[in-house]
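As written, the chains take the letters A, B, C, D, E and F, and residue 1 is the first residue of each chain.
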Amino acid sequence: MKRLRYSAAAMAAMVIGMVFAAPEALAQAAPPPKLDSGDTAWMLTSTAIVLMMTIPGVALLYGGMVRRKNVLATMMQSFAICCLATVLWMMLGYSLAFTDGGDLNAWIGGLGRIFLNGMTVGGLTGTIPESVFMTFQATFAIITAALITGSLADRMKFSALMWFMGLWLVFVYVPIAHWVWGGGFLADAGVLDFAGGTVVHINAGVSGLVGALVLGKRIGYGTENLAPHNLVLSVIGASLLWVGWFGFNAGSAVAANGSAGMAMAVTQIATATAALTWMFAEWKFLGKPSVLGIISGAIAGLVAITPASGFVDPSGALIIGIVAGIVCYWGATILKHKLGYDDSLDCFGIHGIGGIVGALLTGVFAAEAIGGTKGAIEGNVAQIGLQMYGIGVTIIYCAVVSFIIFKIIDVVIGLRIDEDSEREGLDQTLHGETVH
Amino acid sequence: MKRLRYSAAAMAAMVIGMVFAAPEALAQAAPPPKLDSGDTAWMLTSTAIVLMMTIPGVALLYGGMVRRKNVLATMMQSFAICCLATVLWMMLGYSLAFTDGGDLNAWIGGLGRIFLNGMTVGGLTGTIPESVFMTFQATFAIITAALITGSLADRMKFSALMWFMGLWLVFVYVPIAHWVWGGGFLADAGVLDFAGGTVVHINAGVSGLVGALVLGKRIGYGTENLAPHNLVLSVIGASLLWVGWFGFNAGSAVAANGSAGMAMAVTQIATATAALTWMFAEWKFLGKPSVLGIISGAIAGLVAITPASGFVDPSGALIIGIVAGIVCYWGATILKHKLGYDDSLDCFGIHGIGGIVGALLTGVFAAEAIGGTKGAIEGNVAQIGLQMYGIGVTIIYCAVVSFIIFKIIDVVIGLRIDEDSEREGLDQTLHGETVH
Amino acid sequence: MKRLRYSAAAMAAMVIGMVFAAPEALAQAAPPPKLDSGDTAWMLTSTAIVLMMTIPGVALLYGGMVRRKNVLATMMQSFAICCLATVLWMMLGYSLAFTDGGDLNAWIGGLGRIFLNGMTVGGLTGTIPESVFMTFQATFAIITAALITGSLADRMKFSALMWFMGLWLVFVYVPIAHWVWGGGFLADAGVLDFAGGTVVHINAGVSGLVGALVLGKRIGYGTENLAPHNLVLSVIGASLLWVGWFGFNAGSAVAANGSAGMAMAVTQIATATAALTWMFAEWKFLGKPSVLGIISGAIAGLVAITPASGFVDPSGALIIGIVAGIVCYWGATILKHKLGYDDSLDCFGIHGIGGIVGALLTGVFAAEAIGGTKGAIEGNVAQIGLQMYGIGVTIIYCAVVSFIIFKIIDVVIGLRIDEDSEREGLDQTLHGETVH
Amino acid sequence: MKFVIAIIKPFKLDPVRDALTALGVEGMTVTEVKGFGRQKGHAEIYRGAEYQVDFLPKTKIELAVDDSLVDRITECIVNTARTGKIGDGKIFVLDLGNATRIRTGETDVEAL
Amino acid sequence: MKFVIAIIKPFKLDPVRDALTALGVEGMTVTEVKGFGRQKGHAEIYRGAEYQVDFLPKTKIELAVDDSLVDRITECIVNTARTGKIGDGKIFVLDLGNATRIRTGETDVEAL
Amino acid sequence: MKFVIAIIKPFKLDPVRDALTALGVEGMTVTEVKGFGRQKGHAEIYRGAEYQVDFLPKTKIELAVDDSLVDRITECIVNTARTGKIGDGKIFVLDLGNATRIRTGETDVEAL
């Protein structure tokens, strides 16, 4: 359970010190956490497949949904974000999110791991090497930032994007990750978020929505044909997201145990259910079950089960899948067109809304036998309030700070490319390359 | 060894029961199986990569082999089947296949895990969480159904396909899985099938053949150019199948041990050998070594080694690879054209025939030192008879029931799309989308 | 630590024990190595994802960079090499590289594992099954050979390629692997190469360069447009390489432990840093940050950190990333054009040069606390000399023998396809297939 | 000489090619085009955004022929490419002033 | 009858189609082409190798029309496709001798 | 004015473009086409099913030119695009009635 990590990390740091400094001092203490090679194997794997979610997963999902002239630029965004987030995470993100911030710990972590200073080969976080935990968490920062690009597609300067992502990671992602998983005030309050409903999905969705509003619509939105140019790519992307999401959700158990196993099972169930739900909704209301529809539904299910994956049982997952399928279908195909913003690839419609649905339903369907916490159906109605608190705080903080960052960049270097470049396509104008 | 699973599962069920019902009863008993984090790590990983075999693996393999106008529809089939099979597996498939069916157990499992009722975080199957075992098995059901679409490509209604797959999973896949792996009569008889030669490949191949015959040929078969539109996709698909097949075969050891390791080694050897064999056969007989040829050979090798992977040693694998390469080459390029059925993407030619070859040769090359059972070359000629029994039962049952399901659907809603839609392409007519 | 593997096969447990457990406990008999399911799980996974690096990784990276008419032929090369190398590895490569060569052991291994004879289900290498170690090493042979095709693209006969690769694996790869990892003279000398800077990357790069020189330039080089036809494929390929490289580097710890974890962390850091460095260099010098640039930088980083990954800490990785990004940028975009050889897809520019950079910097930044060996910055300047020795031996041996093999094949069957075929494209003329 | 441009349904290309060859036509040039006409297109809907696709895939055949063959060629194409459903396409005939075979430099009818 | 060939910027296809339809044009055939002209291309650089891309994406519209419509059609295309920037394209008008509708065998103006 | 249509081998496009530019041609339009002619195609075999590919990739150049240039242009293309092997292609010359530059509305030779 990810929200317990902070204490594990702290304890681990202590233990590491002890192991290398004075083994004899351990004789009387409780047995220190020991490296478990099975847990470590699973977390190494999880890290690899969560990275795969972004490159090539998100890159392909989004790349297939834009027009041909923008496909490379779109994939470039995910790839460059992957690199940028890694370096920032190493330099200060991990430290600020996951180390003890002392007096400020409710709000932000400390500087003890700046540049990963002091991270050793033998140091543990729980039963796995701290180096693995650090890299695993880096892949979460990467994907969250990459998801946002779905709202900004086809019209943003690459330089502005890089600036935004750098600032956003430091000022939005890192604090929220600390609040929920690093021992901050939301963890203390008892908000449940197993694998990132708030930190990852609501966060990305809301930032994306703010970005879409600040950037304005793509040229031709509503008048020209902006249809996805190659859904083959998007199907590959969605499939790799699904596969990698096992690392995301079951990996969030930070162990290869029954909790990880149950997280994998409910992930599979909710995803499949949401995909079918979206597909049938579309079939009924629009006449045809579409490929884009079923993969959108699958992603909606993955998103919604994310916060719940360590807390609910298979039946809970089934219901979460159905609700996520319907509500995200509504969000991406009806709400968006009604309100008129151009959330180009539906980062808000799927991740924002799916994240909110999942975070709320975690409060409803949490089962004590699964994750140790009761939800509303087991009588703990207060958990719904707690979840709403977590959702609300995330939305407000994320929206405000994202807005400020967007505005500052807009003033200083401009967010949007000029009209001619947008018409010609980002591949050629921003990156000097095209698909031949 | 998968056919031992049933007993493990039964034991696990018993243990689970004991843990929750009467802890004290355990005091004197033999040490119950304990969760092994390494085994669990490997099975979590195996589940993820076996899922990857279908989405995007099979989706891409098949998507690349059809004409451009059908690529999305073809990928959609694998994706939708993945969702449908997951939900059915959760609802009743797993229970009927892998729990004790009481008096009927020779034929079918029980209802104790309907909707996964009673599956707990702590429950084990062998040394891994039952939740992981359940999800792992779900990915087998998924891929088996998805493979069948290779025979049905380019001409089947999506609604009919969904109905067929749903019924087929319940009435064909689940019983056969139970017979071979769930403690049914084929397991009892001593039929060897480590990872699914009968349950998965013969099963898919025969159902596909029946489907191809019932559906009839594609318009233009034999007269128009039906060449694969983009083998780049197929090479990606075949590659991911190969990678994921380690989860399939080595994962069927349900542990990270020497058996899994040997299964991985023989899989690698048989696959490479069969690929080269097919390639050289084609080079010799048709003048050029083709990309489609070498990947077809690789898949033939993967299929043939599947039932054998826990029973044969590296030299056995080498021979199985050579035989599979030749025989499947014959099946897909000569037999098919001779008999004149339109098994569009050769689900029967490769999976059906390869599965039969593999199941038979398992009986020949099984080595006691590897899997505990002797094959014909070690003197146990009877094993070949057992294997033929398993193959025969699977073929007959699967052919008959598949035929009935196809026919019922044909009468009720019709299997085939109309001629105009087939000409225009399924992407547009069934799903309202196209690759731009 | 891979160079310890040979001895590790016998001594691993002892060594690990000494480092991590109370030394005095070892005074009496060392317990025999026991299978560790966690280590095995990670090595099974590593094997799968290192295979994924070649198929579809390298196949896609290279396939996207050639012209459309050569994409299938290019992917075919990686796929066929994967099969060929597997079979040769099983037949004699593994034995010659990793078993004891007796009196000749400084130069070459023995014949004890020809056809994997004597490899049992229970046999271990360290704490994992020997079958897994053998297959893991096979995937290294595969990728090394496949990388070379980047220098030979678009103009080589497929038959000549197969002959070259077969001979090269036996006469170049196997001996060098033995020298560095199999207990040969480079291992004895103390050359550090954690995961394959010399064996894999310098080796592939230098052979590629020799091949490019022997083959001559592609028709139209410098006059016609030879631009990459579809960088979407290359981005997928590079991404899968990155993901799989965790198996490559962290897998080279042959265990799921702190060493593996740190290898993963430094891999992530160096890769991201090199990618950004290349991107910014290009942005500054050529005006635009390109997709091909950032993925090239990432691969440069992956290559350079490979030999260093078990020896350096995160800060070392950061600097290695920066240097690799700059130097490989120079190698692939400036040096090549200055010297005028047609290293078509920059196998030498990235793998050769990146491998040299990495091997050298391993000698600089090796940290005792990480891998047990001091580098120059910790005062052990001699290590740089050792590294140069390893680099030099590899370059000379590899260049000479590769040259001889190329020349023999050229004389006997000819290396290059005729001009008309080259113009028409390899897909059609060599393999009888095209992308439609 | 005449320059004949025929727009047909893509799947009719092979039959038309065969029929023309039977008539003695030795060369033609083919382009994938998109046609707009009486034949209705279809709608594609992506996450609720509907796009009308009015341009349908067609195949254009261009062939330079001797005046004497034009009528038979037109008739042949009409007969072979016709399905009777809307969208079968058109045949346009233009005057061709001059033809040259690049390989030999031959001109006029010998160039065809 | 005339055979009108217009080369325009790709994103102008929809407006031009609409404008022509408003004029009563019922059919046209469209091809994706690459144009070389006064409008500058761009350079692409791949690992230091620079390729000049002088051919730019354009869209070609071909339409067969009655003589009486030619002037209005030309004017209509000029007005709709013009952006005023280099590269807007050209309109060429050729004589059309003959037209046939494959479906019905109708010829001349009825075939359009 | 004339409308010149040249079918050439794809890899000859760049040399031809350069040669034409040297002659003073300022614009042309290029299409990827498939050609059927004396040049033999090839067979593709997929799992035993053989497909004859008779259409080969060609490049079509269309250019509108002043009458005075036509001969030199034809000669120039013949010289540059010739390899001497079957399949080098053809040049067709049609009469062009009218040309308009969309950007400026200029007509006739000024429009080219």
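FYI, contacts are C-beta pairs under 8 Å (C-beta built on N, C-alpha and C of every residue); 3 or more make two chains touch, one makes a residue touch a chain.
Source: prediction; values computed, not measured.
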If you apply the touch rule, which chains end up adjacent to both chain B and chain F?
C, D
Could you tell me which chains make contact with chain A and chain E both?
C, D
If you tally C-beta contacts across A-B and across C-F, the winner is A-B
Interface check for copies chain D and chain E. Shared numbers divided by all numbers used: above half gives same, below half gives different; which is it?
different
Taking the mean of the C-alpha atoms as each chain's centre, how many Å separate chain D from chain F?
18
For chain B and chain D, what's the span in angstrom between their mean Cα positions?
47
Measuring from the mean C-alpha position of chain C to the mean C-alpha position of chain E, what distance in angstrom results?
52
Which residues does chain C have that touch at least 2 chains other than itself?
36-39, 41-42, 45, 49, 225, 227-228, 236, 256, 286, 288, 290, 292, 432-433
Got the chain F residues that touch at least 2 other chains?
31, 44-46, 53, 94-95
Every chain pair meeting the touch definition is listed as A-B, A-C, A-D, A-E, B-C, B-D, B-F, C-E, C-F, D-E, D-F, E-F
In their complex, what parts of chain E are in touch with chain A?
11, 14, 42-46, 53
Within their complex, chain C touches chain F through residues 220, 224-225, 423, 428, 432-434
Chain F-facing residues of chain D, complex
3, 17, 26-31, 62, 64, 94-103, 105, 111-112
Going by the contact rule at the top, pick out the chain B residues touching chain F in the complex.
225-228, 286, 288, 290, 292-293, 296, 332-334, 336-337, 346, 349
Taking the touch rule as given, give the residues of chain D at its contact with chain A in the complex, in rising order.
44-49, 51, 53
